[in-house]
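Two complexes, one shared chain (chain A), two partners (chain B, chain C).
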Partner chain A sequence: MKARIHITLKQGVLDPQGKAISHALEALGFSGVDGVRQGKYIEIDLQEDDGEAARASVDAMCAKLLANTVIEDYSIEIES
Partner chain B sequence: MKARIHITLKQGVLDPQGKAISHALEALGFSGVDGVRQGKYIEIDLQEDDGEAARASVDAMCAKLLANTVIEDYSIEIES
Partner chain C sequence: MKAAVIVFPGSNCDRDVAVALEQSMGHAPDMVWHRDTHLGAYDLIVVPGGFSYGDYLRSGAIAAHSPVMREVAGRAKDGTPVLGICNGFQILIETGLLPGALMRNASLKFICRDVLLRVETSTSPFTGAYDKGDVLRIPIAHHDGNYFADDATLDRLESEDRVALRYCDQQGKLTPEANPNGSARSIAGILNEGRNVLGLMPHPERLADALLGGNDGRAMFDGLVEACAA
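Moving on to the complex of A and B:
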């Protein structure tokens, strides 16, 4: 199975990378950009065949390693 | 409108960050991981109201600034 994980900064947490992108877009002449937030996207190939077990395992991976849950949110999609 | 952009390394391009995550997961005791690929996820808030125009604008942003199209692929979702 394949797991797709999105890790994004929580609302209200300063995002300097997003700000830098926003400024760079403006400098390149792109107008009409109200805001940019950058996050991480991780794809994991799993041997696990059971969707529920895969989700539980990936949830533990996020909590223990992939996301900093103090400042980041994560969402998981499982695809067979 | 909101644009969600996924930027991933092209198939075949070495992904040291993904490899590092894979090794770290193994060291933490997570077995059954066949592979990990890390990409970027960017959300852009746009003033543009027209979906087609928004997509064209974001496509130009990706080609000019956000993605390195030599080694990276990108996909765009537009949400009103």
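Moving on to the complex of A and C:
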């Protein structure tokens, strides 16, 4: 199975990189951008066949290492 | 007194801090490789600055889970003084020995220059040789030094006198201009609950000898030697 993980800064945590990207988009003439949040994308190939077990395992990986839960949120997609 | 400096792949201030420690202790500290799973008896452990594991994933995140850091965390809980400088501070935060997070500098730039710091407490083995209110000139060199914690954590740090150093101006005032990286409440260094773990972004070892252009950092190492002898 494959796990796809998105990690982004929590709402309420200032994201200076997202802000800089937003300003750059504006400077390039892209109007109508309300906000940009920048994050990380991680793919993990798993030996696990069971979707629920895979999700639980990846959730533990995120909490322990992949995300810093003081400032970051994460979301997990599992694909068989 | 026996001191250990932990060395990771990518550490680059390990030798500078060893020189500063030798100057204060009279003999060299042990350099301990990150793969070591057994740490001897030490009176002081230093987690130095640098770019451990190339800052992969997040600054300090991989180093925090290296074998030696489990040992360091155990010693910290037993009361051994642990000093984390710059990347060392990032690593101590990632291990959970200190609260909060160190985010990308608000300017998004890597900043390498001298800054002014106000000593906020002299009640710790690291800051005992300074007086509260002293203004020190110490360099910073980092990309991720923007201290963040939720308001409840910040309030708690303040009420427990655990903010050790703040960025300030020449008069010792806290101003947005004197805060180089956007840190919450101008925080440059914090202590753990037991006051035996200090993490700070500035590099006291880089100005610990007049030949380097200043020695405001030296009293941190002299003070540690004194505290360990007491």
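What we mean here is this: the second predicted complex is superposed on the first by the 80 of 80 C-alpha atoms of A that agree within 3 Å, B and C clash if a C-alpha of one lies under 4 Å from a C-alpha of the other, contacts with A are read in each partner's own complex, and residues count from 1 in each chain.
One rule holds for everything that comes next: contacts are C-beta pairs under 8 Å (C-beta built on N, C-alpha and C of every residue); 3 or more make two chains touch, one makes a residue touch a chain.
All of these numbers come straight from a predicted model, not from anything done at the bench.
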item	value
Contacts of A:V13 with chain B and chain C, given as first, second, both or neither	second
Which superposed partner A:E48 touches (first chain B, second chain C, both, neither)	first
First, second, both or neither for A:V70, with chain B first and chain C second	second
Which of chain B and chain C A:I21 touches, first, second, both or neither	first
Residue contacts on chain A - larger count, chain B or chain C	B
Touched partner set for A:M61, first chain B, second chain C, both or neither	first
Touched partner set for A:F30, first chain B, second chain C, both or neither	first
Intersection of the chain A residues that touch chain B with those that touch chain C	65-66
Chain A-touching residues of chain C, taken from the complex the two chains share	57-58, 61, 65, 94, 99-101, 103-108, 148-149, 182
Residues of chain A that touch chain C when the two form their complex	13-14, 16-17, 20, 65-66, 68, 70-71
In the complex, chain B residues that touch chain A	6-8, 18, 21, 24-25, 28, 30, 32-48, 57, 60-61, 64-66
